[in-house]
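Can you keep this structure in mind? I'll have questions shortly.
Which chain is which? They are A, B, C and D, in the order written, and residues in each are numbered from 1.
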Amino acid sequence: MSETVIARPALVSRLFGALRLPINDPFAVAGLVIYAVFVLTAIFADQIAPYDPTEILYTEEFDLAADLRPGEQGFVLGTTSLGRDIFSQIVHGSRSALLIGVTAAFMVALIGSIVGLVSGYFGGWIDALLMRLADIAFGIPFLPFVIVLAAFLEPSIWNVVFAMALVLWRDTGRVIRSQVLTLRSRGYVEAARVAGSSNLKIITRHIAPNILPLSFLYGSIAIGWAILTEASISFLGFGDPSQISWGYMLQDAFASQALAKQAYYWFVPPGICIILVVSAGFFITRGYENILFPKLGR
Amino acid sequence: MFQLKAAVGRILQLGLVLWAVVTILFLMFRLMPGNPMAAYIDPTFTEEQQLALMAQFGLDKPLWEQYFIYLANLVQGELGQSFRYREPVAERILALLPNTLILTFTSLIIAYVFGVLAGAYLAWRRGSAVEQAAIPVVLTTRAMPEFWLGMVLLAIFSFWLGWFPAGGTRSAGTDHGNLLGLYTSADFLSHLALPALTLAIYSQGLPLLLMRSNMLDVMKEDFVTMARIKGLSNWTVVVRHAARNALLPVMTSFAIAVGYQLQGNVVVESVFSWPGLGRELVNAVSASDYPLAQGAFLMIAIVVILMNLIADLLYALLDPRVTHV
Amino acid sequence: MSDILLSVRDLEVGYKVGRRIIHAVDGASFDVPRGAIVGLVGESGCGKTTVARALTRVIADNALITGGQMVFDGRDIAALPEREMNRLRWRDIAFIPQSAMNSLDPVYTVEYQLNEVLRRRGGLSARQARMRSEELFEMVGIEPGRLRDFPHQFSGGMRQRVAIALALALNPKLIIADEPVTALDVIVQRQILDQLRELQSQLGISVILVTHDISVVAYVCDRVVVMYAGRVAEAGPMAATITRPAHPYTIGLRNAFPDLQGAADGMLVPIEGAPPSLVEPPPGCRFAPRCPFALERCRLEVPETHVLADGHSAACHRSGEADMLRAEGSKTQTWLSA
Amino acid sequence: MKLIHKAALATALATLFASAPALAGDPIRTIDLFTRPQAAQPQEFQSVQLIAQEWRKLGLDVNVRVMPWEQMADIVWYQRDKWDVTAWQMVGRPERSDPDEIVYNLFHSSTAEKGYNFIGYSNPEFDAVAEAQRVEIDEAKRKQLVYKAQEILAADQPNMMLVHPKSTFAYDKTVWKPDSVVNQSGIGIRNTWTFMSLEPLGDQRDIIVNSGDNVQAVNPLYISGGVDSWVTELLYDRLARVGPDGLPKPWAAESYEWKDDKTIEVKLRAGMTWHDGKPVTVEDVKFSFDAVVSGEAPMYKPFATNVAGIDIVDDRTLVFHLNNPAASFVTSSLAKINLIPKHVWEPVLEDLKTKEENAESYQEDTPIGSGPFRFERWLTNEEIVLSANKDHFNAPKADRWILRIVPNVEAALGMLRSGEINFIGEFSGDPQVLIDAAEADGDLNVVSTVDIGFRYLAFNERRAPFNDAAFRRALSAAVDRRLIVKAAFKGFAEASNSVVSPALEFWHDAAVVENFKAGQDVAKKILEDAGYTLEGDRLHYPGDQKEEYAQ
């Protein structure tokens, strides 16, 4: 046991240490494994997927390869009503999910952390201003906001990321702010200040490392949110059809009446993929349950 | 004195948020490229006809003037006229709001009753196999896209088993008199079942997990131990003391959940042909009916903001430590 | 009817830690006479609170009573089925917790919490319960009008009075008070202790007062039981035990506290070192590693309990030399050189 | 990415050989091809994907731009020189049973600046033909003119005609007697005739129809959504109606007769009443036409502007005087203008004159018409209930007509099977699914009908290379329409090369469709003949033509 701990590369353990990843929790480990599988799929999508996910395919008899069942004509998961390979779409969907999830998470965590840091550390009118902005952001219904943005701008998966960045920093920002307030009153921060350290130094050396796990936590929740939101937007018809995502696949399936056609192979796999990736995030963050569901009425 | 100050502050803050949301809404819809009425100006219209139409909707005035007219109208509860339906936005929204609210509240009440009970049970059975198995399942329900869940339930319970109707709030052509008559009819309830169930399955995770983790905390409290030392029954200890205390934050989360649910409805209403506000918003946005989209959005925002306020008040109301100073 | 209300014999309470069981109480024996206040005293971690909780049989999830007897009013409550034990709780054995703040449910009024006990456990009607509540409040010196208040609306001392009222509610035979005044300032401590004493003698209840503060024991108790590392070091009538302690630990403890009566006759001298780990306790006398009088034998053999006088006993190999121990033990340097 | 590389390479090569006496012009820029999103328009989207794929094979760089309708309309309509090619559609409406609207409005040069000729097509020969058919009351002669128009369009290919889609509807044959269903040419079985004649077989006597779209208004003076017209057509009578054969026939008018090419006499049917019990009079009829041109009903106005005056001859006879001869007058005016009660609308219109709003914004609580169904109630976004007007001269056999709003296609089909609805009035999904469901169910009848409307790609004739008819012909010829029919429309469409649908049997020139040859080789040949060259993989302008619209 102790050997393996020592054998683990210092960087990795330091990273895990800093993020306080609950690697002892079997679910969290399962979540990490799911993440790893999807990340690898996304990276090697071109190698794994037999077809371009938007390519319209034909059978050997030059008929449109539409609505083929799994296994027919060598299509692992069959084809869509437009004659596209479902398996390739699933594989490429991981790329969209990764893209949306990670960028949204990054934006939400980054903006929220900066707001929280600045607000909590400097206090005063900056704090008042930023927290009023957070109040306003709390007053904006998120999904309707994304719908409006998606409708006005050209359909694109980036709408979701953009809208999340505009609105969802509020949760992270508030929590990080209160964390910063606690940290600021700690002795060592006070000591650093008395010792004449610059604000920047105090923030980067003493405060930022301590809020990193929180940012990470909110970031990973945002991954799930982003993927689910993108799926909803696609379902409502505001998605980007040139970028294959699982949400788009579901919309395509329902619009093409996969239910009536009993094409389970079409609408079940993308649903499962969404559930897997989103719940993987939950599993990982489960270790942080208390942070996940903070006591209300702080 | 302090409380009064806090209350005034809270209300001022509410006003500020409302004003900001209203302004963002106005700008969002007005600063879009192109003529806002492009979709409604028939190409065969003459220039005068087009101008007349623009004038009818006040779009011929400079932006700042439109903004003040918009604000002034809002204060009077006037949400403008729908481009598409050519009728007052407020009227349409008020016609649809009850349907949305009843769906939201029914599903949330189901979700909260179930979530609270199951959460308390899982906290009580901490470490058991049931708990070990249940938590990932619960987390998974939160990870499902609502419309996907809705479609699957629709396929199973309506298309396949035929237990429930596939959409709407009532059977074709039935008349139940007023809203109360409708909402209490068996016909309505059977139509409500599937959409409410979909939303409930999606929403129960939050109260469940919240209740469970609160229960676990509360169970460690001295007063729970004391209740046992007092020889009170297990039921009294778990329910009257542990659960009652753990329930506090869960109840406040209910108000916040109403706000969130209202947003989630947007999708489920489309799946189940539910004539509600969310579907109206989506329709209005797709049809570029800006006044209507704006109105529906604003209505949802108002409920969200109100519910955030109610959450605060509810917390104060339910926790004697805040109320009885 | 015996004079002894409660007789604890060879009580063993362990905590499961991993696969092991660590005994926090390892063979404790003492008696509680009827109508007496018995002080259970010792440093934190000596097992006194564990004993107190073992008597209610409401113990931590990972704790279990592994041996011994607790004969209460003729019945061994260690062996009682849970149902019967539950009947005893609060009706016969009540409890005053250390912090009434945390042990009163914040969301209910005090009246509700009294009612809960009176009606659910005492079988009183609503009217009877109300009258009894008022009576109890008057007994502990709180205005009955405050029954409708919530716990957080009371001051610390008042809350402790509420806790006493709660404990008295069903006229129990025994009240276990776990550090009932520790969190309070000295003046309030006295008021509460005075009240407890007064009510106890009035109602003829037995009280086990768990405390780390020997001066509290001296102020209010009839008898004292000194615990050390899960065992009883010395037990006896209060006056005899405090004035003529026979166990070096008791002697040391006496030196470490100011006299509540204000008659401190020397410096306060702490006992050097810390109580032993219960995971691997010393094989002989558990106090031996800190004892200035320890002999080779003390480190190897577990001392017997020696009866010194009527009702006064000590578990020390050198209890025969008690006079010498006392004389040496009252000198400050004895404890510093140890 | 690959395409960009190719383009760069081609440009580089072109520069390299610029000194050589090559005859090639500039490479043709990347062509923007607009389509609406798949969610909204799956067939259009799919067609565009297929077409882009074929055009790329010609050496064109095609960029498919997906945009919502509003955005697309904004560019195509208001920035007429800012686009290349866009997918477009004309929907079939009963009044389009007369070819005039399409032949004239879409292609006459007078409508190029602001009207429906947004492609900027201008051909004096065609203009002459289009004008001539308008005023020709002699049907045989007019038919020849309409044929001529179709031939010119086929040669010029101003648009790339794709298909006339088939409208597919279904009903429960255990509820409705199959014989009582009327298949209206070019419209399908969901039509007013069907709703009047549907005969119940059992206890279910309510026609329950679905629509995916909400009803916007029930207003006889406002042309709103397509669904709305289902309701207004049932509530309001018109002097004539377009019959199941696509030709107009007398309705509220007992008869009408051309007195000369600018005068038509109409005799009102006797004994008609409004839903409130008052009789329908010739004053009401005159009022209905006056109301439309009063300025309070801008959308209906064009359908009555040709009326110079209406004389009331006696209590059943009116004479309409026209400004200009109009062959399509009966279809586009008499069969279009709703008859409205003067006693209800006169005060309303008086009041509206003082206000900024017009009659299009006015919604009656209970609309009063004289049609075969009466208005019962309307639940926002959920349903509209009409009941049979048993006093009508053509009283429906069903008891009620109920429109249910069902936005989810899957749900609509599920409802049809469960009996929650019994007539599919709108089906945006895959028609094959409907047919399969009918086979599995056994209770359903599915009927597909070729539509009057059509789908096409519009070329912007204002911009090179689309100003070149040869180029347009080549692009059009590059795609075999059978591919579109099969792949995008799943067979539920008819390949087209004419704006006049085969559903309008009388007007449709079948030869222009039959003579149309398509295929990559055909297209390449046309391009080659016209001087276009392939340099590398990239198509270049003929001669020394420069690219004027490079990005």
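Basically, a contact is a pair of C-beta atoms (placed from the backbone, for glycine too) under 8 Å apart; a residue touches a chain by one contact, two chains touch by 3 or more.
Predicted model only: the values in this text are computed from it and were never measured.
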Most remote chain, CA-based centroid, reference being subunit D: C
Chain pair, A-B or B-C, that carries the greater number of C-beta contacts: A-B
For subunit B paired with subunit C, centre-to-centre distance based on mean C-alpha positions, whole Å: 55
Cα-centroid distance, subunit A relative to subunit B, in whole angstrom: 23
Euclidean distance of C-alpha centroids - subunit C vs subunit D, Å: 94
In subunit B, residues with contacts to at least two other chains: 151, 154-155, 159, 270, 286, 288, 319
Residue numbers of subunit D (touch at least two other chains): 40, 68, 71, 408, 410, 414
Listing of all chain pairs that touch each other, if any do: A-B, A-D, B-C, B-D
Residue numbers on subunit B that touch subunit D, as the complex places them: 34-35, 38-39, 42-45, 49, 55-56, 81, 84-87, 92, 95-96, 151, 154-155, 158-159, 162, 165-173, 175, 270-273, 275, 279-280, 283, 286, 288
Subunit B-facing residues of subunit D, complex: 40, 68-71, 73-74, 77-78, 114-116, 118, 206, 208, 214, 216-217, 222, 224, 298-299, 302, 356-358, 360-363, 377, 379-383, 385, 400, 402, 404-408, 410-411, 414-415, 417-418, 420-421
Subunit A partner contacts - residues on subunit D that touch it in the complex: 37-40, 42, 45-46, 49-50, 53, 64, 66-68, 71, 408-410, 413-414, 429-430, 433, 436-437, 486-487, 490
Touching residues (chain side subunit A, partner subunit D) in the complex: 54, 56, 63-64, 66, 81-83, 151, 154-155, 234, 236-242, 251-252, 254-257, 259-261
Residues of subunit A that touch subunit B when the two form their complex: 27, 132, 135-136, 138-145, 147-148, 151-152, 224, 228, 231-232, 235-238, 247, 250, 254, 259-260, 267, 271, 274-279, 281-283, 286, 289-290, 292-293, 295-297
